[in-house]
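Quick heads-up: structures coming right below.
Presented sequentially are two complexes of subunit A, the first with subunit B as partner and the second with subunit C.
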Partner chain A sequence: MTDVLVCIKRVPGASGEVLLSDDGQRVDARHVGWTLSAHEECAIELATQVAGATGGTATVLTVGSADAIEQLRDALALGCDRAVLVEAETDRFGPVDVAAAIAEVVRAHEAAGTSYGLVLLGNDAADTGDFQVPVRLAYALARPVVTGIATCTVEGDLVVAHGDGPDGPETFELPVPAVVAVMEGGVAPRYPSVMGRMKAKKVAIEQVAAEIEPVGSGRVRLTLPPEQPSQVQVLGQGADAAPAVVDLLEELGMVSR
Partner chain B sequence: MIAVLVETDADGVLVVSQEALTFGRGLAERAGGVPLHAVAVGRPGEEPPAVVLAQLGEQGVASVHHVVDDRLTAYSAAAWAAALVDVAHSAGAAVVLAAGTPRGNEVLAHTATRLDVAMAANVVGIDAVGADPGDPLIVTRQVVGGAVLEQMQLGDTVAVLSVAGHAVEPAAAATATTPEVVEFSPTMTDADLVARVVRTGEKVPDASGALTSARVVVGAGRGAGSADGFKDVVRLSELLGGAVGVSRVVTSLGWRPHHEQVGQTGSRISPDLYIACGISGAIQHWAGCSSAKTILAVNTDPDAPMVTRAHYAVIGDLHEIVPAINDELDARRT
Partner chain C sequence: MATVPSSARVVVIGAGIVGNSLVYHLAKLGWRDIVQIDKGPLPNPGGSTGHASNFIFPVDHSREITDLTLDSVEQYREMGVFTQSGGFEVARSEERMEELRRRMSSARAWGIQSELVSPEQVVEQVPFLDPSVIVGAFWTPSVGVVDSLRAGTIMRERALELGALQVVATVEVVGLDVEGGRITRVRTSGGDIEADTVVIACGVWSPALAEMAGAHIPLTPAVHQMISVGPIPQLADREGEISYPIVRDMDTFCYERQHGADMEVGSYAHRAILHDVGEIPSIEQAKLSPTEMPFTSDDFDPQLEQAFELMPDALGADGAEIRYAINGLLSLTPDGAPILGETPEVKGLWSAAAVWVKEGPGVGRLVAEWMTDGPPEVDLSHSDIARFYPHQQTRAHVRARTSEAFNKTYGIVHPGEQWSSDRNKRLAPMHASQQQLGAVFFEAVGWERPFWYASNEALLGDYGDAVLPREHEWDSRWWSPIINAEHLAMRERAGVVDLSAFAIFDVVGSAAVRAVQHAVVAQTDVAPGRVVYTPVLDQRGGFRSDLTIMRLGDDHYRVVTGGAHGMVDRKTFVDAMPADGSAQVVDLTSAYTTIGLWGPRARDILGSITAADISHDGFGFGRCRDIEIDTMSVLASRISYVGELGWELYLPMEQGARLWDLVLSAGAPHGAVPVGIGVYATTGRLEKGYRAMGAELDSERTVPEAGMMRPRVKDADFVGREAYLKQRAADPATVLCTLSVDDHTSASGQRRFMLGGEPILAHDGEPLVDGHGHRPYVTSAGSAPSLGTHLLMAYLPPDQAVVGTQLAVSYMEERYPVTVATADATPPFDPTNERIKGEQ
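For the complex of A and B:
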């Protein structure tokens, strides 16, 4: 039986125009809304798979504001059994701080009788992209860690993890308990069922406050990259443009005649 | 000293590691000409290959710390980090950097944690190098998949950073060097070897190889509408002898396999021509196709980012336009 913890983050949606707050300290998600990143959707899928296969539980955790309950409910709807909100002003949190806050919960739950044999995270957060929380968490808990993992299973006392290395597909075998950072592409995240959504609404979410003095992220300010002026040449509208397209293909030497 | 972790393959130093070296050299020059060192993991009993030494010399590397140890034959991030930490301490590194590859970021995260310092991932530029040792280094890095830039301060004794792909072009130093090779075996514990590769499978060259090496890529996104909506796009790629590339929406919906995905979390392509049909051109997609020489967008929305950033565009429904292009190609062929 493996109890799995999966760590997720509420991040701005990816499509649409990203704006910044006036002080350049945070992303303004007014037009894009909030979501979960794809790596973490895959981590949730793997967490429920491992929990299901071993008869354990899947607990989802986030460190953030109370608004992130929305993302916890989404994960519950996808099959997680329990949820933890570590409430914190995460604006000034760096990866060291997030890892410390997660480690605190892992230790507290262990003291209360639930030890997580596997902690899953995304490879990198869709917003800050620090590539660090999983590794820093592993050191804080003195557990082995691998990142960039596509699929993993727990077999007895081993976490067997597969990823794509520079020389071909790689397999790692880590003794339980271990930390694994998941990269999208290995499993297909499922869509929440109506039943799942209903169930998710009823789960009581554990809420704790992060008891740490943040070291911070080193952020000075955010800026938007300059937009390049458009140079596009429109070849036409609809099917009528086909001859112009093929002229272009010929000009570029793409068609052999 | 500035230490750059370099990754190599049969052809020598990876292009992204050459970019990291060029980036490191720029930083070394701005810091008043501090030496540039490379760290490379080698095979026990073997010298660094001549091609690697030549490429490092071209980048102006003064010393190569050649890590040779039987225990490092199978990759383990913790063991590689142990080696970097040793070099940082013994040779006195002010900055440790690597290319922002999966391996680079993984090893640097271990390294920063072991050194108990901050790390900046996906750095694209340097804003300030303090005049005195110990002054903060201020960098700009990509966040939100490249849609936003973050200015970040690295104030610690050792600055750890990964360099984003394409942040700089690899360029030779004004004067080439003959790097001194320093062989060493890092201090490691058994714990550093726990998470190592136990098996490496056959590389499947065709999975995304066809896509990354194609001269023409015909791409399609959500605008294709369904798994069946790719027929004409596939046909066009065949007529042009190219490959099919897709957006993440398409792979997430299961319309096409993941190895066809172009973008930040898919393949980075640099064909002569990219025909992007029904793809909005989100920044994460753009990250994978911006190196295409020519881009032709086919989209119903004239304001889609893919259209405004493309060289050429056709406005309208891809299901009408692509078959018409195919017909025109067939007609001109006969």
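For the complex of A and C:
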């Protein structure tokens, strides 16, 4: 039986054009709303799979404002059993602070009788892209960590994790308890069911305050990459265009002949 | 980047269902050199059409909306994009069942096949619905779904085939140029287009486009939440997009509509979520499309539970997930009606906005007709953009009213229901006095008008059952027997009526006579001091208005019209003025208040406060002149809308309170009472058989049909004259009659009173059809206390329009016997008008 903790972040939805707040500290969610990143949707899917396969529980956690309860409920609707909100002023929290806050909960829950054999996180945040929290969390908890993972299972005392490395597929075995940072692509995240959504509404969310003095991210500001003018190439008209489309799809590796 | 032609006969902005339909119908009517642009790509440029749920329930309480819908369905069918599915509107409560019975009235009145069915009958067709949740349903077999994007493409292609259209996608309008009050140019990201006719068919973006030209399209983008749940095995097992009837869960303000293997659940139950146009993302910024905004799940959760309650087996099916969820934007207006027609601010600039998919093709056809020949075939007066007063165009008003109305989308809305938001905005000068008199205020275009006065409650004791008390809560909602008591007191003694809501404008200038003569039917080249009541027609000879004109001088007319149609009438007159400025319209609505004094004692009362000669010989009927009352100069006009001797007294707004108090105190010894609009607009009017614009009169009705023909037609030309002469020469296809209800007793023994909109049937319940193919329905209903009966007005087939004919009215699915009381304009009460003449 493995109890899994999956850590998520409330982030702006993705769209073609990214807007930044005036002070450059945040991505502006005005038009796109708030969501979970694709990495974390996969992490939630893996968490519920592992919990289901081992007869354990899946707990979802976020560090942020009370608004992030929306994302916790989304995760509950997808099959997580419990949820924890670590209330914090997200802007003042850098990766090191987030990792410390999560570690605190892991320890507190352990003291209370729930020890997480597996902690899953997204590989990196969709908005700030710091790539740090999983490794810092593992360090803080003195647990092994592997990043860039597409799928994982727990087999006895081992976490078996698969990912794509520079030289091809990689498989890691980590002793439980371990930390795994998930990249999208290995599993298909599900949508909530109506019943899942209704159940999620009724779960009491554990709310704790982050008892740490944040050191911050040290970030000066976010900047946008220079605008890429979109190139439109007309491949043809009607049925005559079909061969050109097939050539292109082949070139992109989407079909093979 | 796409480029646009440098000029066009007409530019249609927008390629949603409305713009596409419009270009097709314009082309069909012979327009060429049409340019259609949209800022988005085709076929789905990203507006509300692109995410519409695309289903159509034809029955609506509004005749205008029903006509637009039926016309649209016909067009969708012809294009092969309509799939009939049938639809249930299910009731969870007895109150809703009663509303569904009322819906049956509308179905019967508009000739749409519908029936009330049991929960078991619903389940026969929708096996995954839990029948224990509902008490019954309203079944309409002709409900269906359409492919509105495909329809749009077909209509564009047809216009292209006619060589009439050029479509340019992905160009954005950056400006609209106006010169001398006329639209001249559309400036776009792809270049400028010179054009003197431009149509804004931009859905939720329309207000921003109008603003570029200094015009107003007072709608607001508002969220309608929708989710799609699937795959649901029960649905996936059947072929095609839709194989089960659509279900409207009326009491939870939700609908469930099959879409392939998915069930779409849409809601009008969540809080009103309004956006400003500026908040709508661009195509690049949007996550899905600009009008599919991020879903706010908290708002939807309660509906999810209710939907699950109704269809647990489908929505709870194994593997079914919420795989699409949006806060979809649609357009809402302060009164719920579309916004169609030429903007009153800018000549040549048209609006075709705030239209649902179910009305789109019909709106396209009718607006195209309107742009081509003048009036469209179907009366669109409730949708006329000219209807708005300035306060109704403000953002705050639009927000307030749409917020209030949103949850009434599937609500049970009483025909007399009053708004609660944005009230007390236009107050009559005597408002404080009215409050002291316990006035119950109803709103008319912003004005607070006393409907009856609590101070008259004591009259109920005087009149007993003559006030025709109503037992049923629905019949007596937004009503009081005090109205009928006030009526009887007025007929017996006198009544004083606040008429501040009149719209008043003068026509002045050397060409005033010619301009007014050309605008209206009646002879207005009369001696100064004459008052003329006249229809105003459109080119097809339909009613544009009916109003009163006083000739105050050789070059000076004063036009007085009902508040509701005031702004439309003003546009009619402004449009009728000569271009050289030799006659002009001056709006005096806010300058003058009007007090009506009517009843057998009116002359005694007025005589006690003025030294002017108001005897019958000194001040005849249909005359107006200035009289002095105390230190006030008052324009008195001897006419009546309630059938009594009396006057309308016009004076400057700031003196209104003083005259009101003076008339009331002078009237007290004569037994005069303040009388509300309940008498003025309903009981007094109906007893006299007076027709009201928007009820008996609209652009589909003619003067002969309304029984308002005068013996002679003036020689001077006027708008609609040619059509009118033809109408006079022919037998009318339908005849306006007044009917009297013979027996009010319902099956339960309770007496019921019709409120308007009910179908008139043959005595045995068979439907009647007039010469236009229309079924008769009640255009106005109300008490006739002086006759001791309840009167209904309706257009009847000519063979039924005979005094004494016995027919029936259907009310809440029960039939009541009625008899034709008059088959022309003869007043049921005082048919020879002795009282108005007041010769004694």
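Keep in mind that, in the parts below, the second predicted complex is superposed on the first by the 219 of 257 C-alpha atoms of A that agree within 3 Å, B and C clash if a C-alpha of one lies under 4 Å from a C-alpha of the other, contacts with A are read in each partner's own complex, and residues count from 1 in each chain.
The rule is simple: a contact is a pair of C-beta atoms (placed from the backbone, for glycine too) under 8 Å apart; a residue touches a chain by one contact, two chains touch by 3 or more.
All of these numbers come straight from a predicted model, not from anything done at the bench.
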item	value
Touching partner for A:Val234 - first (subunit B), second (subunit C), both, neither	first
Partner chain(s) touched by A:Gly33 [first = subunit B, second = subunit C, both, neither]	second
Touch count on subunit A, higher of subunit B and subunit C	B
Which superposed partner A:Gly218 touches (first subunit B, second subunit C, both, neither)	first
Partner chain in contact with A:Lys202 - subunit B first, subunit C second, else both or neither	neither
Which superposed partner A:Arg73 touches (first subunit B, second subunit C, both, neither)	second
Footprint overlap on subunit A, comparing subunit B with subunit C	14-15
Complex interface listing, subunit C residues touching subunit A	229, 279, 281-282, 284-287, 293-298, 301, 304-305, 307-308, 315-316, 320-323
Subunit A partner contacts - residues on subunit B that touch it in the complex	7, 9, 75, 77-78, 101-103, 105-106, 108-110, 112-114, 118-122, 138, 142-155, 162, 191, 194-204, 215-216, 239-240, 248, 251-252, 254, 258, 261, 265, 272-273, 280, 282-284, 294, 296-297, 302, 307-317, 320-321, 323-325, 327-329, 332-333
Subunit C-touching residues of subunit A, taken from the complex the two chains share	13-17, 19, 29-35, 70, 73-74, 190-195, 197-198, 201
Interfacial residue positions of subunit A with respect to subunit B in the complex	12, 14-15, 18, 20, 27, 38-39, 94-96, 123-124, 126-132, 134-136, 139, 144-148, 163, 165-175, 178, 183-185, 188-189, 217-225, 228, 230-246, 248-249, 252, 254-255, 257
